[in-house]
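After this come two complexes, each holding subunit A, first together with subunit B and then together with subunit C.
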Partner chain A sequence: MYHLALKMLLGDRAKYLMLVGGLTFATMLMTQQCGVFFGLLKWTTSHLSNMRAKLWVVDRKVEQANELKALRDTDVNRVRTVPGVAWAVPVYVTVQSAKLADGNFKPVMLVGLDNATLIGQPPVLLRGKLESVRLPNSVIVDELAVRRLSSGRAKPLDLGDTFELNDKEARIVGICRADKHFFGYPYVYSTYTQALQFAPKQRKMLSLILAEPAPGWSLDDAAAAIEAATGMKAYTEEKFFWATIWWYFKNTGIPIAFISTIALGFIVGMVISGQTFYAFVHENLRHLGALKAMGASNGLLVRMLLLQAFIVGFIGYGLGALLVVGFGRTAVARGEPPFMFPWQLPVATFCLVMSICALSAVLGIRKVVKIEPAIVFRG
Partner chain B sequence: MLLFRQFTFYLALAGFAGAFLFVRQMQQKPPAPPPFVEPARSPYAAHVAATGILEAERENVKIAVPKAGLIQRVAVQVGSRVKTGDPLLQLDDREARAKLNTLRAQLESLRAALQTDRVMLADAVDQLVRAEKLARDKVISDDERKRRDFAKQNWDARIAKDEADLKAMEAQIAQSQTELDVLTVLAPRDGTILQVNVRAGEFAGTAPLEPLLILGEVEKLQVRAEVDEQNAPLVEANRPAVAYLKGDTQHALPLRFVRIEPFVIPKRSLTGDSAERVDTRVLQIIFELDRPAAPLYVGQQVDVFIERSATPRAARPDAAPASLTISQ
Partner chain C sequence: MSATPTNSPALAVHVRGVSKTFGTGETAVTALNGVDFTARQGELLMIVGPSGCGKTTLLSVIAGTLNFDCGELDVFGSPLHRLKPREITEFRKRHVGFIFQAFNLIPTLTCIENICVPLLIGGVSRRVAERKALALLDEVGLGARGHERPTNLSGGQQQRIAIARALVHEPRLIICDEPTSALDKDTGAHIMDLLRTAARNPNRCVIVVTHDSRVFKYADRLTEMEDGRVQRVHDQGGNYDLSE
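After this line comes the complex of A and B, so read on.
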């Protein structure tokens, strides 16, 4: 009998593809939009993925990674003094203006790393040597900076080339790969003291302190000890990540835009597949009636319909996932558009697609249960 | 089975597999790159961290000249080790030497005059002796004898004046010698020449814009550690400490406590901008250290960890209220 159900489903190729297509579309819309949304939110935490450290010490009122309040230079030693801290290093982060060969200017994210240890170094160095950044006026730029800052030049920027950073000459000694910032600023790394030379002078210049807990101390204990002893805010890497994401979730309109698209995907998918499945059941009502007349129980018919619905859901979801994975892999390889694919995302969309199938099946089942076998002889 | 003949079925399977693998791939977070240089770590259970600077143990001496003059010779180079009394600079001494030579010649002339007068005195004494004998025999008059006597007294007085002149000349020569000696600048103490800012032939004034020479003690160095005033109550006297050079965080330099500077001063900024507003002050602690095998230079920055007694309350993270009072 189940074979018969499959034959019924797959027999009419156009209708079958129509059924699957609706769900594929719904899957794709929901998963891809969610992926882009998560990716965009992850871009807000690019500081964390570009300067890896277990503990981030910032001003007490700092809520997220992109809004930092400067600290005093001696605060580094105050953090070092806290029991539970193995080491602490200063980092300078601000947006500075780079002037291009054609007179145009572009904002860049200037990162100053501790001179001795270079902790917070770029994750992947493509060309050049990391220690060269200690040379005078030297910077390491990311690939985006090479693209952005090369406008107006005959050749793209390369090692040894210079550009103007805040009216001072900056020489490129390395090219790295860094995660993109939410605002699209390229990352430019230099040493802490060099960054202070590039940046305009302010009363307090230290942006944040990266630290690591001493052996035997958990991240949370060490963070609590720093907060207690210094009055500054100490985030673990994970907490800072989620604090930043939630800040954007609560304070910007981005989630509304994406959630409405996702809801639209769900509704459109549900309407299309529900309606198509209902029409499918309706057209096959005569055959189902004949089966009923031959003695098939209601239970058997319901199971047949459920089988048909979930096979359609399975195939539709699989095709949608295939398309999204293709899109996602391209996006990740190119670095844009933003994309992120946590395991919760495919699981959640699978459940949603299955619920669409279940709802569609229920509509058909209502019809089938109510028909009388006599319908076969009427028409 | 009918389903297995469907092309879409295999595409869907590929979609599931692709999603699974993609999730696995995205979950792989690359580990944080190891620090380029391992950061300095404290060897103590509880410590106060500070930033320090290497200094010569005693303050540097800016060598000056006693009087303005042309420099004839610079006897030392940068890095020369000198002992107390070693010559450092020679000012132009030709004039002083010429004067001394003149005075010496005059001294000889005075000596010769003295000699002449002594001969004259001997003659006068001889004549007086004979005149007295003749006077007793009444061969010559008393008047004659007295004239001989006065002649001898005259020569006595002349010799006394000559000797006084000689002493005065010797004093003048001694003065000239001192004036000559002063033109050679000597090392006031043992040490190493850290800077030489003059060359032979240059003019040295008595109040130069930059010191002519800097003499310092680099055999023994000291570390001036600066602790944020908010951590000042944690600093205890007579505690050991270690210092790490910037860039060499593996070799700890052991430090011995010398003193705590009793005056808390505004922090000197790294940017070196004199117009910068200061909002924090630092407590300075002086430590001494022995010169290790690795080269050290006066003026280098170091990370300092000063041991402190680990009170059980401060060592636990739940001791928040106790340590919070320190930060306020």
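After this line comes the complex of A and C, so read on.
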């Protein structure tokens, strides 16, 4: 009987397409919005993925990676003297202004790396040599910076080209790939000393300290030792990551906006598929009644309806997921909009779509279970 | 209680004092009022009467598709009044074939698939069901139309498909609700020929509810109903005088 149940479903082309379309839309909306949301959250932690260190030492009041409060230069040495710390290096991170050839200005994220070790270096260096960044006025820029800062030029910026960074000439000695910042700023790397020259002078210039625990020390123990000895806040990389994510959850409307859209996807999917499936059952009620009269049990009819509901669910989900994968590939290739597709996302969406199908089927099942087979004798 | 019929005498259906009331209180309508009724094996019996006399309700009760308030009902020896709902469903699946006024063929399935339905409900494999369905299609003269959808067929052809569906699982009781009302005279006659042939099986009984006086002549016996009761049973074949 199950193949006949499928033929009944596929035979009603309009409703079948409506059901599949509704579930495809719901899948796409929920998955795509979740993907963009996760991508956006990941952008909030771009400092962590672009500098990569086991311990992050910041001012005690700092709650997340994008709100750094300057430290004193001597704080690096204080951290270095803490037992349990293998090494510690200073990093300068601030937003600076780059001048374009056409006279416009663009903000960039200037990162000053420790002169000696260059710890916190770009994740992927595409062109040039890392060591060249120690040359006077040298910077390594990411691909986004090349695109953004090339505006008004005859050809894109390349190795050896210069641009103005806070009225000072910066020469490009390397091009790297880096995760994009939450605010969309390109990353520009230099040495710590040169970064201080590019940036306007302030009383305290040290943004944060990257450190690593000494052999035999766990991350948590080393972080606790730093906090106890210096009064600064020491995060492990994982804790800093989640502290940043949760900060945006608690302090911005972004999650609410995305969750609303995701909920909307669920509701729209539910309404379209629920209503369409109910209409499908309602229109076939007489035939289902005839099947009941001919001896089909409630159990058999329920299984037929569930099969119909879940088949459209599988197809709708598959199409929706394919569209999202296409969107995701484009987004990742272009670098925007933000997109992240952890394996849990398609699994969760699949469960949501199947729950939509189950709820839709329940509406029809209630009706079918209640009908009396004698309905077929009524005019 | 088993849903399998026992070896019984010539009686196929035996209804004793069956009553059925729809609704309660002032709006209650008594559709059957202590009906006594019999149908024999190997006969084509018609139930006739004015609209609202209870003939379709009686047919629904006999088919096991409608519960009744009181009385007893034996169908091929099975006491339906004592069976549980699941056993009645099982009984219908095995022993009852249905023919409806509006055919009730599923429009999205082909004719063969429609005919297969009772067999598939009974758990018969798809291959065996389709083979039997094809054989039945030939018997009703529509062997070449098996892969078409019912909506492409005329009313008479659709009713022939419905008859094939009613016979395919070889039921002992065939229930027909106004099988010729929607058909012209010649087509109706052809349908009645098929039903009469089906009723010639000595282990089978065909019960037809109809308003269509053109087909009364096909009945072996004719039961007249009025106000929820059986008024009269005409035993003679051929022309019935229902003018009184």
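Keep in mind that, in the parts below, the second predicted complex is superposed on the first by the 378 of 379 C-alpha atoms of A that agree within 3 Å, B and C clash if a C-alpha of one lies under 4 Å from a C-alpha of the other, contacts with A are read in each partner's own complex, and residues count from 1 in each chain.
Methods note: contacts are C-beta pairs under 8 Å (C-beta built on N, C-alpha and C of every residue); 3 or more make two chains touch, one makes a residue touch a chain.
Computed from a prediction, not measured in an experiment: that's the story for all the values here.
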Overlay on subunit A: subunit C relative to subunit B, clash or fit: fit
What is the contact status of A:3 with respect to subunit B (first) and subunit C (second): first, second, both, or neither? both
State whether A:39 touches subunit B only (first), subunit C only (second), both chains, or neither. neither
Touch check for A:338: first (subunit B), second (subunit C), both, or neither? neither
Based on the superposed arrangement, let me know which partner A:322 touches: subunit B (first), subunit C (second), both, or neither? first
Subunit B versus subunit C as contact partner of A:12, first or second or both or neither: second
Looking only at subunit A, is it subunit B or subunit C that touches more of its residues? B
Which of subunit B and subunit C A:372 touches, first, second, both or neither: second
Between subunit B (first) and subunit C (second), which, if any, makes contact with A:265: first, second, both or neither? neither
In the overlaid three-chain picture, which partner chain does A:300 touch, first (subunit B) or second (subunit C), both, or neither? second
Figure out whether A:286 sits in contact with subunit B (first) or subunit C (second), or with both, or with neither. second
State the minimum pairwise Cα distance, in Å, between subunit B and subunit C in the overlaid complexes. 11
State which residues of subunit A lie in both footprints, the one left by subunit B and the one left by subunit C. 3, 7, 10
What part of subunit A is in contact with subunit B in the complex they form? 3, 6-7, 10, 17, 20, 52-54, 72-81, 83-84, 86-87, 89, 114-119, 121, 123, 130-131, 193, 196, 201, 203-205, 217, 221-222, 224-225, 227-231, 311, 314-326, 328-329, 332, 340-343, 346
Complex interface listing, subunit B residues touching subunit A: 1-3, 6, 8-9, 11-16, 18-19, 22-23, 26-27, 30, 32-33, 35-42, 45-51, 226-228, 230-231, 234, 246-247, 249, 267, 269-271, 273, 276-277, 279-280, 282, 303, 305, 310, 314-315, 317-321, 323-324, 326-328
Touching residues (chain side subunit C, partner subunit A) in the complex: 56, 59-60, 63, 65-66, 86, 89-90, 92-94, 96, 98, 100-102, 104, 106-109, 113, 116-118, 120-122, 126, 177
What does subunit A use to touch subunit C in their complex? 1, 3-4, 7-8, 10-12, 284, 286-287, 290-297, 300, 372-374, 376-379
